[in-house]
Amino acid sequence: MNLKQWEKITEWPLTVLSVLFIGVYAWQILAEPTGVWNWSAEFVMNVMWAVFALDYVVSIALAPQKWEWFKHHLFDLAVVVLPVIRPLRVLRIISALNALHKTSGMALRGKIVMYVASSLIILLFVGSLAVLDAERYAPGASVKTFGDALWWTFVTITTVGYGDYTPVTAMGRVIAYALMLAGIGLIGTVTATLASWIVDEVNDDEAKETKITREQVERLNTRLDIIERKLDRINGSRITSDDVANRR
Amino acid sequence: MNLKQWEKITEWPLTVLSVLFIGVYAWQILAEPTGVWNWSAEFVMNVMWAVFALDYVVSIALAPQKWEWFKHHLFDLAVVVLPVIRPLRVLRIISALNALHKTSGMALRGKIVMYVASSLIILLFVGSLAVLDAERYAPGASVKTFGDALWWTFVTITTVGYGDYTPVTAMGRVIAYALMLAGIGLIGTVTATLASWIVDEVNDDEAKETKITREQVERLNTRLDIIERKLDRINGSRITSDDVANRR
Amino acid sequence: MNLKQWEKITEWPLTVLSVLFIGVYAWQILAEPTGVWNWSAEFVMNVMWAVFALDYVVSIALAPQKWEWFKHHLFDLAVVVLPVIRPLRVLRIISALNALHKTSGMALRGKIVMYVASSLIILLFVGSLAVLDAERYAPGASVKTFGDALWWTFVTITTVGYGDYTPVTAMGRVIAYALMLAGIGLIGTVTATLASWIVDEVNDDEAKETKITREQVERLNTRLDIIERKLDRINGSRITSDDVANRR
Amino acid sequence: MNLKQWEKITEWPLTVLSVLFIGVYAWQILAEPTGVWNWSAEFVMNVMWAVFALDYVVSIALAPQKWEWFKHHLFDLAVVVLPVIRPLRVLRIISALNALHKTSGMALRGKIVMYVASSLIILLFVGSLAVLDAERYAPGASVKTFGDALWWTFVTITTVGYGDYTPVTAMGRVIAYALMLAGIGLIGTVTATLASWIVDEVNDDEAKETKITREQVERLNTRLDIIERKLDRINGSRITSDDVANRR
């Protein structure tokens, strides 16, 4: 079996597993199970994590140029290794986003709008879970419920930044750094997509006047065709473009 | 009667009704009428809401492909159903915005500027009303007057976010989420329109040098015309482009 | 004398007067003169204001189509009328900005960079003066020195919005509204100018390959010239493009 | 020796020296050495500063047009003179950024991404050091550790602005002004690069239809070539393009 086949087989199972992983993670944080339940959640997540690690190992083993594959999949390595740190487990969801790549029939701007919308929803959800997990029981913390965590995440990602809730732990701040950068990216992508759309709409009318199309060039060729035929009638013989190309 | 005719007949009355609706809503929130006055305001708004619901029902009944119409008018459904939740009544104003679509004579960028300016004013006004209604009597609330509400709405929509006033109720936060997203859209649209304008202005000079126009192609055709006439004088006969097209 | 001549004569004196006006205004706010000094400053500003009002009246009197001129100079009217409200006096500085229009030799992007930089400096200076004037002695105010005012103005116009200083008076909030909108415009203009520059740079290389220039079309014309001469040698006569145009 | 040679020789040593300078500066601020260690750090930094000043003097001495060179290197002058003010020493790092210019093989957008990423990391690091140095022992200061300083710098440069930490000293505010402007530039560059990318991707498909390439013009020329050859066969002689150019 080669790498392509392995990727094709494992793609959907791994996406489903990522979503399940986040489901268990969310349940563990929001329901705060104790005793055997908590232990079960931990166990299930560890098993899932082992599956992800296994996929990474098998993939690199199947890759023909292992060093090349390693260099181009540093991000996958991070997604496998970083979840050892508990609040970074949410990074697993990024694998789920890959499923969106399958929307190949859409126009680019439609794809971007879908990507931004789904990334925003996922970021808001997992960002809130992560910050709640990191902050909840820290002394002096302001983020103590999922409602507060969602509010803080939204306020951060849109760069509004009221400051009524702010993280106090080192992990909470790391999550904030990621969300702020995501916010810059969000504003940038929204603006850029709008700009591209407006530039296109405005140029459309103008383009009709100034850009000459292949059709117009075709008309010039037809004219030359007529002239050649007339010359052939005089000459009685024909020199083809192949002849010209050969003689060069 | 078909759907097009119904839409044409109802368009202006519904727009006027939307504005009236917001007027009554604003009066109810700002003047805080009691007793029979408050009851009257509620009654008038309920009647208006029934008219909007009726329009939705008639529209879907007249639509030839009901399922298609339903899918493309989910937003209209939201505007009809959501105002049952009191502070979301302001969504009715969105129908009034449709009237702006009628400015068909303007250039695209002019339209966008007008749209952004009027959306901003409407959002500031109805956002302030909604947050005032949601927060005013909540324990621990900071937004207690229309002045404070307008200030908070402005600070939120521009993503400045001082944090001197912040919503404390769930409904206030929902309104804030909408305003923050609107703010991202506002910044994006302003930037994109400016970018489109600058790109156009800069390209204008350059375009004069590098883009060849239809006029120039026309000149090439005229030259070919002369050559053909000269050949005709030699040949004494004429092959037309139609001949060439036919023989292909 | 017509309007054009009047504008040409008064342009520089009015610009100088605007700058002087802001100078006196700044001195009055920062030095807080008392007694005869304060009275003198008020008197000088009132005289200057009368000159601006006179210019408006003379301009409209000289305009051939008064209603047209009125509609296109609503902003000038605002600049004349609004300074009656004390902190809005700073609006006078906007006239001074007109002098920047004279930089006609520069490329568009260079002009925009200069405009943004000078507008930013002016907005920061006059915004700080205005908010200091409005807030300084208000009960519960946090902006009490020019340093604080400048800090608050900067934090507001960049949409950072810490919230350590916030206006508490109605006039302070009006100034804040203007600065926030200016901030959106500032971010938008910076981004749009950068976008235009990057789009241009990236397109430059590509353009060399795909866009055909006037020079290339000229070469096609030269080729046709040669063919025509050859045909003339056969025919012994010449049909000119004028002939073709005439016969059409 | 001329200026070009001097610049080539000194470029890498000066870049290394800049990095070392920041290293010593960071060590002095973070480790807060006392006695002989602090004195040594100060001494080493003063020696380094003297080297930078010497480079400036030698460069201007070697410049053929000294006034021109002076006008175009005002920024270099600032980088040499300003570090006399202690927290502005960090400006030295800007010289280190010059090394990035050497990435000449990359495409423009790749370069911009690399530039933005490295500028962001450097700004976060040196901004945090500078604000920590300025604020740490000020009465009423909130920024007291490197962690807090980094947090504040990040919150400022992304224009989130929670306001949980704010500078209280004049120098702290000056650093904040620079970071806020850098933030506007950061958002602008990210957005502009994305916009350029999207505009390009969207235009690519369209371009294939409407833009005519040099190849197509070449085909027209080949056609004219054939026609000329045919005419030559009739005429028995050849008029070249040089002839046409000469006769004009």
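Labels for the chains are A, B, C and D, by order of writing; each one numbers its residues from 1.
Operating definition for what follows: a residue touches a chain if its C-beta (ideal position, glycine included) is under 8 Å from a C-beta of that chain, and two chains touch if they have at least 3 such contacts.
For clarity, every value in this text was computed on a predicted model and none was experimentally measured.
J.: Please identify the chain with the largest separation between its CA centroid and the CA centroid of subunit C.
T.: A
J.: Quick check: superposing subunit C onto subunit D on C-alpha atoms, how many degrees is the rotation, to the nearest 5?
T.: To bring subunit C onto subunit D, one rotates by 90 degrees.
J.: Taking the mean of the C-alpha atoms as each chain's centre, how many Å separate subunit A from subunit B?
T.: It comes to 28 Å between the two C-alpha centres.
J.: So the centre of each chain is just the mean of its C-alpha atoms; given that, what is the distance between subunit B and subunit D in Å?
T.: That gives a centre separation of 40 Å.
J.: Of all the residues in subunit C, which ones touch at least 2 other chains?
T.: In subunit C, residues 159-163, 187, 191-192, 195, 199, 211-212, 220, 224, 227, 231, 234 touch at least two other chains, as defined above.
J.: Building nodes from the protein chains and edges from chain pairs that touch, which of line, ring, star, complete or other describes the result?
T.: Drawn as a graph, the chains make a fully connected set, so complete.
J.: Show me the residue ranges of subunit A that touch subunit B in the complex, using the header's touch definition.
T.: 147, 151, 154-155, 158-164, 186-187, 190-192, 194-195, 197-199, 201-203, 209-212, 216, 219-220, 222-227, 229-231, 233-234
J.: In their complex, what parts of subunit C are in touch with subunit B?
T.: So the residues of subunit C touching subunit B come out as 107-109, 112, 156, 159-163, 166, 170, 173, 176-177, 180-181, 183-185, 187-189, 191-193, 195-196, 199-200, 207, 211-214, 217, 220-221, 224, 227-228, 231-232, 234-235, 237, 239-241, 243-245.
J.: Any idea which subunit D residues touch subunit B in the complex?
T.: 159-163, 191-192, 195
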